[in-house]
């Protein structure tokens, strides 16, 4: 791991720069790096999208299967989000089952989609209590240069918008495919923005160097009506003041609307 | 871990004391520490009890679910005993799946309950071969100061006696709840007593210091008619003589009857 | 592990000997060690066989259960091959779930049986899409002195030939046993021969010393008509030339026919 | 009542708005008789376990939570150790009998996430730099769960850390607020959490005014969110008084016992 | 014959008394023709594996058991090592084909418990203090199971330890007795174990008269229990003679081979 | 379309000959328009990831494969290190969305085997002896699978190793041939692999004429097998030209960027 001396030097340098309103790559404090979104990159998946935030690269694939609904919501399809910190993406990622970071990432993305009702799960019920569609969202981190949450949430939303389902009829409790496809029933567009606190400044879209020196991070996910559907503080042994949180919600209102335009066309 | 020198000094001291019929805390060789049993401490569980043996503290919760019976006993409910050596209970317990000590503890408690027919499992059959009640007994060690087996067996029995089931009728293979509760069908009261061999003496209810220096332990579980339903030797690289085993069975007959009064009122 | 100096000395000695067409135990380059096959050694298994290749010893048990067929082949029974490198067989085997070597061994044996249609799986269908027989082949390595693949494949085939199924009728979707047994429907006899490349020679049936110094190994599995049904290169950081592969197929044609006679009587 | 898969508690879809209006009556009284800004009854005990270096027991409504702390001690396995400070290893764990349907004792994904955010809520309060290369273990056992266990776990864990004599900048105290029955309400219990519109757990270092945990799921306007955060912080401050009392009564009784 | 969950062998409820009376006929003869105090046919071979440091093969009735011993060698992973003595790592493991219905090769809870009690049955016999910081590995493979495998495993493991040249105070030999068909009987086979009233496995260091394993499950009066223990000890003594013979014949044939 | 267990891709019984004759038409043209000895369209990019020490991206037909290489670096855990050379740790892994039915991200037995044979296909090309006690990590991610992924993975992995600056005797390039529709054909795509008669993946060090991977499953006469091997080697040689171009264009563009 990076030695603590190097981290301290880096921390000093980045913090001083940010205190003066600047960042190492010339961005403003709340500017995002260049965002590239490419949809449909995995043809065999029902939906897919690759998002690049600077050098951070995330691929999300959506697969649609069938299964039993949960007992307490017999009329709803099932949503599952999984994240893999694929070891080629960073020297700090290791092969094996998802660790706490991957689980948190998946669950934050999941909450944004679930709590905003991004997918209309009721339209994914085939037979109440017996057979529903299952939407698997797999987040695949291909290169880690910071701000995985926002990149993953963007890619997940883009992949959902990209996703198509075959048409079908139900005959004797069994699904029979018909020709043609329909889009997944999407009813909201949650966008996550993640703040990093460095010194006493809040910045957006931290890169890996900035994340290594940040005190803490705060993710706010908003729906298209500007309501909040998910919040997550994490990422270090620092804290936020009450005022910083208010400031963050204000910036988020603006930034989520801005970012949403990158994913949702027209 | 405790260094072997400290253990040897402790061993010498405890062994000499016990050889003279005494124990560090003033108890007689076959005396138990103070026993406290508190039932119904977890209201959301169908049954529960907390047992304290001196500073040893065990919590047992009973949950009742439903499931399929085993193929070879289609008319019986299912009994499952699990033990967790919760890491807050001792510096020697580690988080993670149950190790050999936890598995042995669960299985010794299980055998006492199962072989004594403490629960009348035939009364837990809803529909032969298809649907039965499943009784989950979870043994949770909260503080480890020796003699976990006896404390756990006591707590499990107290929790079973405390357990209540909702009333129900069966309509078209499905359970329909009715108002009110009945107790679990309990038909025996197995009590476990565990001997520790130190020097050439047998003592009961060893505390942690005594367990660390004992040669071996022997658990005898008896039913209310004084018959034996489970025996387990374990706990170290020592052994018992034939005479010690006979002596143990005699003491057990007396002690299990005595302990049973603590759990079974009236 | 064996130090690299010892291995280098051993390698030099063995390679020189083999270069001159000889082996440490006097065998010719393509000679097998003494082969002993004993069938029916585990009476409780539906089929079993123990094979000894010199000091290498493998036990295979065949169990027959029932289950659902795979969705894409609803009319076929299910074949499962598992291999355990039991830790008593070698100081290099460790307890725990199968590692890469055990998985490769199981899959090479599996491919030989599956691709040759050694078992007529269509005859193991009870009710299409619902109920079929499942054939479990468990390969148990008891002593590892080299060439586990050939010994395991031989033992698996012998155990299949040895296996018997109870007779049955189907009544209302349930299997009802009838008196008597039939053999498993065997329709081919795949034989695996494994070459070790040492220096620029190919030898067969390498013992453990030879395997430790070999460059690579090549397994060719042939059916009774001399067709190839499985090939696997593995076992080290060496390679084969195109000519060596042609040479190996020629030798395999002869040797598989020869070995088949040990297993298939009459 | 046949055996059917059930989703882990926090992942259920909110049965939003369907019954939520029934959670608070016209007089602003909640199902359990509380007002919207009222905490559930709370009980805290410090130093309840003899083996752990520090411990605490907390009841908040029907939540029953036991925390044990060990350390600082040599970090194990070694590769988790940090050269310049202690690490906190935190496990949030639910007893199988703590919820209505028996929970497997194997850690769920929710448990993994909560263990992480709770650790991050505690870390800012501990002088980790005093004990390089060591580990402080915080074991949080949910014996009975009734909504708000992560907050109650943090409140209890801070007590157990203090009881273990681990040097801290400040205590940490946590409380949730949320929206239920259309109103912003303090300290949601299980039913309110599941049926209600949103939940906002917050952890605070009360003397430093530092927020060390903040999560939210559900649906809130920015104003509602800010109102919920403020209400949760108010709850934190009340709970902090109880924390201090619990520590004092332990300290006093320890003094008296001399 | 549809696929249905089956309980692991030892955990089945005894089908107590239902058919138990049929296990022994009026003349006191058991299903396999034995008298109540008669052992099943036994075969022991020592030194059967070329790689293991010590090994033994044992048949007792239809039980077929193979044991390999490695060590003493450096303990791995290191944290299991003890400063002042060797540790025994013992694995009791059933081959998937050893029982009627295929058993998963992953260790069951029963396997874990038996590995522990077998280890504790062997430890008293080994001079562990001669080899501090090392590990002795005992691998017991049940190739075919027919009741009484833990005892047969101990008897074979002691032979394999001796074959490995590991210094021992005494051999260890094990045998069960139990109650079947209403009578105390020696060395229960599978059916007697499952249908019968109780099983009492016992391990003995025969020269030291030290009982190193003792378990029981079922239903016995204290007198019946004591009778079963005595009968099991009798069985141990007979098996001990066979153990000595097996070692002698290995030793003699080794001598002759010189 | 109810949820039913499906066998992992490679373990399905060949639906041999049933539809295989339809795979190649009378004019020798395959379903995707290729001739029997024609490769699918191939695209290779080197140095596509910023964190990995070396990387490559490869498309072959609908296969999409990304490889990252790290190292040589200190081997971890230490017991895997070798005194006299580096070890290669190789993971072949399929993205859950890479195949028609979602694949669990946990490694299957097929993944374990392929990781091993791919490692053994790469090892002969690397000067492992230059870096004793270290590990070189090769992570192969199958983003989309369409038959022949192990070969495509090897071809891409060799590029990534070269991109990482790891000294190599030669590149490694891999290609399969097989039998489909009764004919020996190059570079089988998924349908041909599943419906066809046999598949023969081959890896080659092209300048040393050394075959470092060879597998086969299906049904081939010895002559057919040899014909398939030769055709696969022909494919390898064509792919090798593309490998060299991909490296050159990376090198040239890097030079130009100076």
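Observations
Going in written order, the chains are labelled A, B, C, D, E and F, and every chain counts its residues from 1.
The working rule: contacts are C-beta pairs under 8 Å (C-beta built on N, C-alpha and C of every residue); 3 or more make two chains touch, one makes a residue touch a chain.
This is a predicted model, so every value here is computed, not measured.
Chains making contact with subunit C as well as with subunit E: none in this assembly. The chains that touch subunit E as well as subunit F are C. Comparing the CA-atom centres of all chains against that of subunit C, the greatest distance is found for D. Averaging Cα coordinates per chain places subunit A and subunit E 57 Å apart.
Subunit D and subunit F, compared by their mean Cα positions, are separated by 50 Å. Subunit C and subunit F, compared by their mean Cα positions, are separated by 26 Å.
Annotation for subunit A: residues 68 touch two or more other chains. Taken together, the touching pairs link the chains into one ring where each has two partners. One full turn of the ring, starting with subunit C and passing subunit F second, gives C, F, A, D, B, E. By the touch rule above, subunit A contacts subunit F in their complex via residues 41-45, 48, 55, 57, 59, 61-63, 65-68, 82, 84, 86-91, 95, 97, 131, 136, 138, 140, 142-145, 174-177. Taken in their complex, subunit C has these residues touching subunit F: 3-4, 68, 70-73, 76, 100-101, 103-104, 106-107, 110-111, 114-116, 121, 216, 218, 223, 226-242, 245-246, 249-250, 253. Partner subunit A is touched in their complex by these residues of subunit D: 4-7, 11-14, 82-84, 109-110, 112-113, 115-117, 120, 123-124, 128, 200, 205, 208-222, 225-226, 229-230, 233. The part of subunit F that touches subunit A in the complex is made up of residues 1-3, 49-52, 55, 62, 64, 66-68, 70, 91, 93, 95-102, 105-106, 137, 139, 141, 143-146.
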